[in-house]
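The first chain written gets the first letter, and so on, giving A, B, C and D; residue counts start at 1 in each chain.
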Amino acid sequence: MVEFTPDEMMTIAASRLLTNDDVCFVGIGAPSAACNVARLTHAPDITLIYESGTLGTAPNVLPLSIGDGELCDTAVTTVSVPEMFRYWLQGGHVTVGFLGAAQIDKFGNLNTTVIGDYHNPKIRLPGGGGAPEIATSAHQVFITSKQALRGMVEAVDFYTSLGHGTGGNDREDTYGVKTKGPTVLITDLAVWKPDPETKEFTVVSIHEGVTRDDLQATCGWSIKYAQDVRETPVPTELELNTLRDLQSRTAIAHSL
Amino acid sequence: MSLQDAVAKYIKDGQLIALEGFTHLIPHAAAHEIIRQGRRDLTAIRMTPDIIYDQMVGMGCIKKLIFSFMGNPGVGLLKRVRDSIEHEYPSAITYEEYSHSAMANAYEAGAAGLPCAIFRGFLGAELAKVNPNIKHVICPFTGEKLAAVPSVQPEVSVIHAQRANKRGEVLIEGIIGVQKEAVLAAQKAIVTVEEIVDDFDDMHPNTCILPHFVVDAICVVPGGAHPSYSHNYYQRDNAAYKEWAAISADRDLFAKWMEDNVMSVGPEVFEGRVAHLRGAK
Amino acid sequence: MSLQDAVAKYIKDGQLIALEGFTHLIPHAAAHEIIRQGRRDLTAIRMTPDIIYDQMVGMGCIKKLIFSFMGNPGVGLLKRVRDSIEHEYPSAITYEEYSHSAMANAYEAGAAGLPCAIFRGFLGAELAKVNPNIKHVICPFTGEKLAAVPSVQPEVSVIHAQRANKRGEVLIEGIIGVQKEAVLAAQKAIVTVEEIVDDFDDMHPNTCILPHFVVDAICVVPGGAHPSYSHNYYQRDNAAYKEWAAISADRDLFAKWMEDNVMSVGPEVFEGRVAHLRGAK
Amino acid sequence: MVEFTPDEMMTIAASRLLTNDDVCFVGIGAPSAACNVARLTHAPDITLIYESGTLGTAPNVLPLSIGDGELCDTAVTTVSVPEMFRYWLQGGHVTVGFLGAAQIDKFGNLNTTVIGDYHNPKIRLPGGGGAPEIATSAHQVFITSKQALRGMVEAVDFYTSLGHGTGGNDREDTYGVKTKGPTVLITDLAVWKPDPETKEFTVVSIHEGVTRDDLQATCGWSIKYAQDVRETPVPTELELNTLRDLQSRTAIAHSL
């Protein structure tokens, strides 16, 4: 039997949701690993875009920053940052935007700006970067997050980027946004999808060995479950080897 | 022109300046020169304030930041900036915050000589409520409400580029970021380069080249982007970025590091810092 | 895909289409195929309607032109278009007229997914009085009154490019005009190319390349820009442009020329037309 | 004594007004010839921009079109047409915009759009192209025109591009335009500059062998003369040879 960590499960579960036809706007960290595992396994023709302007990139190692030379070296082409945000993101070519956050609520609203009051912050976080417009311009949004009480909260301190707002059709009714928004949340413990009506994230599959108590103990809102909750298929040997090879190549490259 | 002379000539206390570079070609040497010359009360624009603005804030050069993502890329937070925001150490700074899309559009509009940029942005995003400079215009054809932000128009922009030629033209290639826009939007532009060559023969016809009449000072500083990188010259020093987390986290360690590595040296040290990063790939 | 199939599949009567190319890379072969297939009632956008729109108007394909400069570049007027406007021959067309700056901005806004473009334009220019689609917005920061035009959003854009690769990526280099914007602004894009190669290895990192997911049909038509040119493939046929003045000036001569050179041939004739223009410099 | 044609005099008189520091937005025809004669004689470092996107170009032969390959081959760089109009023209980098027209009035307002009514034209001309924004974005505008009654008119049929409007400070007062506008008109018979107060073009120098009667016979408004009207210096041998060499190289290249 193959051993794997919750992080590995999260990355691999996320990678499985991507297809050859996707054009992904990729962030650093788990999204980058997931997208590249997809590219190196079942979706070799997936298009990966990093906000530094690298379009259609195929890095051999994971970038430490969003603008590593490796991304440019392997890209179809590299455009300016204004062009990236105007033509490629706002122009509607991104099918999947991949976001993470310091705080997430049950409707997929994300906070990477500030803990506490904006003008008197307890903790000042890095800010939104590309997220505010990725969240509304990408056809759909995938979110990855490790579960923790301080991260998965009833209400985010600050709407860095819009998910489903207050739920239901709030996204379109209040803000006029016609893209789908968050369609999946992949954590280190489970896979969640929005309820079709309320848009609240509900658990659709639980990773191997994880209990519902584990889930609730690391989530700040009262969890709802889909009618038919599955167990997330464990990583295949190919998936796991691909991820680990990628990570070891990356570790070697970054220690140079 | 020497970097010392260029900074002394063009950068004054209290100015609105931009040091740009999107992970690639970040003008570290120029930032250190600004710190050494003791500039104060700068309003500093940058999409991605990272180590150099952490250093400038920690050394008290900056009174206000205009930005869209403030972090040590791939590593973590900027502890000197946080110390300033959360504890007013060494002094308080204010800040004006946007998204990447907003700032990229604002640079583009600045380069285009426009007073503002319009784009589809901040839908449901709370920055629009806390930043009074995020406004809206209505499309006169469709009635759509679009976000509007003031264009970026620095008094001085500073970038690092691969090379210049003897006619004063500047080549930028690879991840070009918003550097062209930063230069075109500014009243004055300082460019540090790896080297000056005779000419740019045999370049691809659509290469990003800044003509001489938009550049005010070209300063040769080999390695001047370190620990950032210069495509085709040397690689990113990822180890240095990771080490910065510990240096930045401690006030005393930071002060000593700055004294040893910035205040008591000059731009000439950069060449040695990238020696081990050349030709690696 | 063959050019015949691509035009048959994507271009329908009554559509809003753009055939772009700024003196360089003008898609003549595609225009001729549209004429041969007898498309009607097209609204045709182009910054610089020249010979191809003169031909399409003269053959009755177009009901409306959207443009900013209508001439045979360096030679003179477009006599078929004038005959249509001044004498309704072979039929009347309407037109919507802008400046180059307005249309370039409108393409840019179309590529950026925006409903309108804003720019500093038409100050004291009378087009703003006769074209109701030239409106204004007020900058919310400075109060400046800026010109606004609707973005260009063709149903189909057609361009000619140097080459594609087997992944379906398209390379454009040299004078790139508004072709990238035309493709990105359109719902569907047809690209004719000189050739298809295995891959684009060793290209400059910032070359203008369209990724496969924004191109719907790639058709190999060597010489397909003639008498316009393809940088690195063949030169502009200046003589043909000059000859067009006489052909276009006479209704009967025009009809015969079109019959002989367009209606009774196919895209394969273009390769021979550029044979004497290759490698000349 | 050197023989020369009025056209040659016009081109050479125009070329003399350009300097090494100028960044010229160049149109096809006389402007292109003038700019390149300047570049090949007294202003080798002048920057020539053609609206096709070719920036800092140095053609060996004159282009037939605004986008000939020669312009790209010899340019510092070639940018997209949107960038050309947004960053380089509107961005304020063009010091001299060079315009011609089918009709010009005494205030330098130009018409290349239509003779007769816009909606019921007697003659439909090519239209404005870049002119409407060149006329207001370039720091100053130079105009070249052959003199003829139908071209130099009391009132243009259509304001394709703004000159000094109705004269005086109309340009700034009515339209808010702060650039200088037309600062010189070079014809095949004379050089004209705006009166500092009225902004009406007044003759400042007359080409060799031309009389005031010649001027008035080819101009539709009543001509005013500057206090001190000179004779335009005749072309030097260098100027004339440079222009003729350029034109013969061009004729050979375009007949290929």
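Going forward, a residue touches a chain if its C-beta (ideal position, glycine included) is under 8 Å from a C-beta of that chain, and two chains touch if they have at least 3 such contacts.
Here the structure is a predicted model, which is why all the values come from computation and not from measurement.
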Q: Name the chain whose C-alpha centroid is farthest from the C-alpha centroid of subunit A.
A: D
Q. Which integer distance in Å separates the CA centroid of subunit A from that of subunit D?
A. 57
**Q.** Geometric centre distance via CA averages, subunit D-subunit C, whole Å
**A.** 28
**Q.** Separation of mean Cα positions, subunit C and subunit B [Å, integer]
**A.** 39
Q: Mind pulling the residue numbers of subunit C that touch at least two other chains?
A: 108, 112-114, 119-120, 174, 176, 180-181, 203, 205-208, 231
Q: Could you tell me which residues belong to subunit A and also touch two or more other chains?
A: 72-73, 78-79, 86, 90, 137
Q: Assign the assembly's chain-to-chain touch graph to one of these shapes: line, ring, star, complete, other.
A: other
Q) Looking at the whole structure, which two-chain pairs count as touching? A) A-B, A-C, B-C, B-D, C-D
Q: Mind listing the subunit D positions that touch subunit C in their complex?
A: 28-29, 51-54, 63-69, 71-73, 78-82, 84-86, 89-90, 109, 113, 118-119, 121-133, 135-137, 158-162, 165, 171, 174-177, 254-256
Q. Residues of subunit A touching subunit C in their complex?
A. 21, 23, 47, 55-56, 72-73, 75-79, 86-87, 90-93, 137
Q.
Looking at the complex, which residues from subunit C come into contact with subunit A?
A. 108, 111-114, 169, 180-181, 184, 200, 203, 205-209, 211, 213-214
Q: Show which residues of subunit C lie in contact with subunit D when the two form their complex.
A: 22-24, 47-48, 67-71, 73-75, 77-78, 81-82, 85-86, 97, 99-101, 104-105, 107-108, 119-127, 130, 145, 174-178, 180-181, 208, 229, 231, 235-236, 238-239, 241, 280-281
Q) Which positions of subunit C touch subunit B when the two form their complex? A) 112-116, 118-120, 133, 135-142, 144, 146, 148, 150, 173-174, 176, 203-208, 231
